[in-house]
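Contents: one structure, followed by commentary.
Order of writing sets the chain letters: A, B, C and D. Residues in each chain are counted from 1.
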Amino acid sequence: MFRKVLVANRGEIAVRVMRALREMKIASVAVYSDVDRNALHVRMADEAIAIGGAASSESYLRADKIIAAALACGAEAIHPGYGFLSENAAFAALCVESGLVFIGPPASAIEKLGSKTSARELAKKAGTPIPPGTEEALPNAEEARRIAREIGYPVILKAAAGGGGKGMRRVEREEDIEAAFRDASSEAERSFRNADVYIEKFIVRPRHIEIQVLGDQFGHMIYLGERECSVQRRHQKVIEEAPSPFIAKHPELRKKMGEAAVAAALAAGYVNAGTVEFLADETGRFYFLEMNTRLQVEHPVTECITGVDLVKWQLRIASGEPLTIQQDDVSIRGWAMECRLYAEDPDQGFLPSPGEITSLALPGGPGVRLDSGVYQGWRVPLEYDPLLIKLIAWAETRPDAIARLERALEETHIGGIRTNIEFFLDVLADASFQAGDLHTGFLDEWFLRRKKHVFSDADLAAARNAAELEAKGRKIERVEPAARSKWKQ
Amino acid sequence: MSIVKVEPSVWSHLDGHRHRELRVESDADGYVVTLRGRQTKVKIEDPRAWSATGAGKAGSGVAKVLTPMPGKVVRVLVAVGAQVESGQGLVVVEAMKMQNELKSPIAGTVKQVQAVEGATVNANQVLVVVESDAS
Amino acid sequence: MFRKVLVANRGEIAVRVMRALREMKIASVAVYSDVDRNALHVRMADEAIAIGGAASSESYLRADKIIAAALACGAEAIHPGYGFLSENAAFAALCVESGLVFIGPPASAIEKLGSKTSARELAKKAGTPIPPGTEEALPNAEEARRIAREIGYPVILKAAAGGGGKGMRRVEREEDIEAAFRDASSEAERSFRNADVYIEKFIVRPRHIEIQVLGDQFGHMIYLGERECSVQRRHQKVIEEAPSPFIAKHPELRKKMGEAAVAAALAAGYVNAGTVEFLADETGRFYFLEMNTRLQVEHPVTECITGVDLVKWQLRIASGEPLTIQQDDVSIRGWAMECRLYAEDPDQGFLPSPGEITSLALPGGPGVRLDSGVYQGWRVPLEYDPLLIKLIAWAETRPDAIARLERALEETHIGGIRTNIEFFLDVLADASFQAGDLHTGFLDEWFLRRKKHVFSDADLAAARNAAELEAKGRKIERVEPAARSKWKQ
Amino acid sequence: MSIVKVEPSVWSHLDGHRHRELRVESDADGYVVTLRGRQTKVKIEDPRAWSATGAGKAGSGVAKVLTPMPGKVVRVLVAVGAQVESGQGLVVVEAMKMQNELKSPIAGTVKQVQAVEGATVNANQVLVVVESDAS
């Protein structure tokens, strides 16, 4: 096993990885940008190395500086977390060339799975179902029209190099396809400097269901159940859960999807933890979407229901240990659900809300897991992702997990900035959400029917009361004086 | 009734048996009170307790266009003296990888531009002042 | 199900119960003494009622006031937590007479199991093994001598009404038995106003292993595995874990002990959650010790490995619902270990250390559960038990759980008062502890070989550095000035 | 070297690459510094930084007997003028259900008793003063 590992990331995921390192008695090395000297991931580390300016392009995205830091402190391996350099094949290759272990898949697997068209091709060869459509970039709008006629409308055009919804166009009717092709191509060119676009059958009201896989360097790979991440805003996951309410009703799908995921990953020569994303339609048909060649943000829900520590296994596998868990050893217990607490203002179009965290109340008790990257008094910088804390609730059943998550959200307060806590409370209270009737357009529909919480008159009177006292700056005001402990130190 | 401050800005409010815990934070125009994760705004009837914001009114007159979030000015789209339409983009501010285009609430002439590309700005800072031609 | 429940307790257990109530959408009612107006359990409650003076005898032990409070606010049931009135048969009976549900066993079962001699008798009839000795109080020292000769030395004399080590005497040789009988009787008389003493075979180097049982009002009862609580100081549990390292090596014992526990509990007409305590010797022989007729402090370790929420089941069972878990449904996953963080000073003979918590850092991340009764800025009163927080770590294996608990303890800081955090770190680092070689005298032996942590010179230099800066009151001192985020709000 | 205060009394200490986080609290005779749950005492070479305690020395002279913990005086076992042996109980203080008997570190005569039954006392408060007969 490694003696020292550099974590090439920041925020909650860097803290998460460092906790695993500490539990495994491995020294942890943080890297930090100029504005992150005080960040929690530096506070948690055994060693810390400055790597440059606040902009990610000057620090966390600088492969050269990160590798130099690892070599300078004698780290043997680099954990990339998610985002930043985690899915950068060149970085993975550079690690290996520099004599460092990249804790993730081989560069070749990242490369193969990085392009959606090559990933689709690979999945198809492995027998993993892919949506009807092209595996290759469309040469022109004519070809798009031809294939659309073949597979039937609605169809979707997607940027081959894309992600995050950029360069995507849904087309309902043949007369719109030419304009859509033009728009998608030029947006793809602008966003990814690659105009390639491919076409797929558009899955109506699909669920986003993904399979966690874990494989060692000896060809042994298992799947660790699924996660459902259909609750998305602008193609970004907002609430994730495991198992999927859909698969809970169709349990035979778990094995099918799991085996399809493992087949696709093995076909790419995949090693370590990875996630195969699928879209599933209402009939239970499912289609390969893409593979994420790294640890996911939402990995804790899988850890909660399977009892498997994915980060520790990432480290063991990267150090050359065999995966000793067999597929039959994997069992699922209960239900887990995660909320991503962001520094953003849902009342102002989810605008970012960086700034100082002036107060912080965190939940506890049974079944609550908190993966935090912040602390009270810290100033959330404006340069990075707004994810502050992941709040995960586990319980015996899905209704219990929702109730626990609500309870935990009510206990949570992040003062001084705006967050999406109340937004989550509103989503969790929704009847369709509670029924598990999810699809990737769920939130878009929900915003239209959203019910804001209504305070009682007594609640409002109490709120006014407290605000008035706060305004007066009084410490304590009581009608009936409460007794104090008899002693003072 | 018994109201006790249990932590800074946190009030434990007992009204008979009924208990509520309230977290109070000051806001641009009053207070935001949080009760079990739910928030409500409270205005206190003492105008000195907070400063009026310079938020512009839509339609006519003088509009002070401010950024609702802190961030970095990535593009200034107008100069002093420019004629702008209602809804026209004036400045783009970026924070946390998200860009926000500030739009003019009125048609008129740009009177002031207090944004420089690359500069960091605070929430509620006035970046552009537009004056209605009618006023 | 109930609509409103009063929690007749304070501290972490009251908070624990209220969290369950909130998740079940049941209104919670706190009761509080004069010094507890600011306590966390009041902050967590939907309703709160003052019940008197700081001394427990004026408030938390006043059955009349608590029942009056429940009736005044319309609560339908009372959860007693542990300690205080939780094992008071008269209180349980008074609840029922007042039309309230006591969330626990019937008064008759508390009564039967409250006296050690009657509990032994009951266990014996149910076929649960008891240590050789008397089931009844000894009439005199002669009888003690006669039985001791029969069962063989060493023997132990115990107060029938006792607990906590009071009125107990271990006797090695016949010539000491008369004096020991006299001492034990008079101490029992002083401590419990009952001089009755019985005699048992003394088990050498026994392990304290207890079985969690859960039974409904329809005679269906299951056991939820065991906990090992052999790490004790002055007969008080300090570290608890589940499963037991001993039973992990002798798995056939779990079923045997579990069934013996259920038999004893059913014989007493037991309903709801309870714990049957056993002593086990090195050969795997085990003996009934006593039954705790309430929720245990250490219940979370069982919850962590079985996934069963004991408090929610307590509420369901008390409201008349059947227990739907069958014995075969109970499975054990991984390992859980609990530390009781106390306001006490291990460097001064574990003297209590009440006072203001001036700073509070709490751990998070995977596998960490925190049942806290405190918050930063709160003054720990001197009138009650020094238990502040229960810190529980779960992981796949016992070594992993120990490593996680160490990591979590290192992340924890309770400033302003003294705690036993460092003491725990020292215990967890002990080779015998890590090997699972436990017995109830473990800590007594450990204190003699205790190794205090030795700081490196560099650590000490850093500590001095920080203390000097703190003394100077400087906010920041740096040789190389660290950059700040470019913006200020 | 870079040392930054990250929270009140919490210092992030970088010595080259090596990072340590130190929590500093003042103590009766200096500071207690916590490093990953482990504690060490630090005396700062400025005697004005803390007050000397009145802890009595064992053996002879004048012994000021103080309670190491806050609590309530449940029994006063001696009166002024009483002769006491070394190790003899003087006062019993109770906190959190635990009783602590304060013993005389020297043989001698009780000169002062500042404890009253039922009163609450602070940590390190002097409750009894015993003077050695030889002194």
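Throughout what follows, a contact is a pair of C-beta atoms (placed from the backbone, for glycine too) under 8 Å apart; a residue touches a chain by one contact, two chains touch by 3 or more.
Just so it is clear, the model here is predicted, and its values are computed rather than measured.
K.L.:
How many angstrom between the C-alpha centroids of chain C and chain B?
P.N.:
Centres of chain B and chain C (C-alpha means) sit 52 Å apart.
K.L.:
Just curious, how far off is chain C from chain A if you go by their C-alpha centres, in Å?
P.N.:
38
K.L.:
Specify, in ascending order, the residues of chain A that touch 2 or more different other chains.
P.N.:
Within chain A, residues 37, 355, 382-383, 410, 482, 486-487, 489 contact more than one other chain.
K.L.:
Which residues belonging to chain B are in contact with no fewer than two other chains?
P.N.:
2, 4, 7-8, 18, 70, 72, 120, 123, in rising order.
K.L.:
So that we know how the chains sit together, what is the shape of their touch graph: line, ring, star, complete or other?
P.N.:
other
K.L.:
With touch defined as at the top, which chains are paired up in contact here?
P.N.:
So the chains that touch one another pair up as A-B, A-C, A-D, B-C, C-D.
K.L.:
Inside the complex, what are the residues of chain D that reach chain C?
P.N.:
Residue list for chain D touching chain C: 1-5, 7-11, 13, 15, 18, 20, 22-26, 30-31, 33-40, 42, 44, 46, 49, 68-72, 95-98, 100, 120, 123.
K.L.:
In their complex, what parts of chain B are in touch with chain C?
P.N.:
Against chain C, the touching part of chain B is residues 2, 4, 6-8, 12, 14, 17-19, 21, 70, 72, 120-123.
K.L.:
So in the complex, the part of chain C that touches chain B is made up of which residues?
P.N.:
29-30, 37-38, 42-43, 45-49, 72-73, 375-378, 486-489
K.L.:
What part of chain A is in contact with chain B in the complex they form?
P.N.:
Going by the criterion above, the answer is residues 343-345, 348, 351-355, 358-359, 361, 382-386, 409-410, 412-413, 415-416, 421-422, 425, 453, 455, 458-460, 462-471, 474-480, 482.
K.L.:
Write out the stretch or stretches of chain A touching chain C in their complex.
P.N.:
For this pair, the touching residues of chain A are 15-16, 19-20, 22-25, 34-35, 37, 54, 300, 303, 307-309, 312, 331, 333-334, 355-356, 362, 364-372, 379, 381-383, 395-396, 400, 403-404, 406-407, 410, 482-487, 489.
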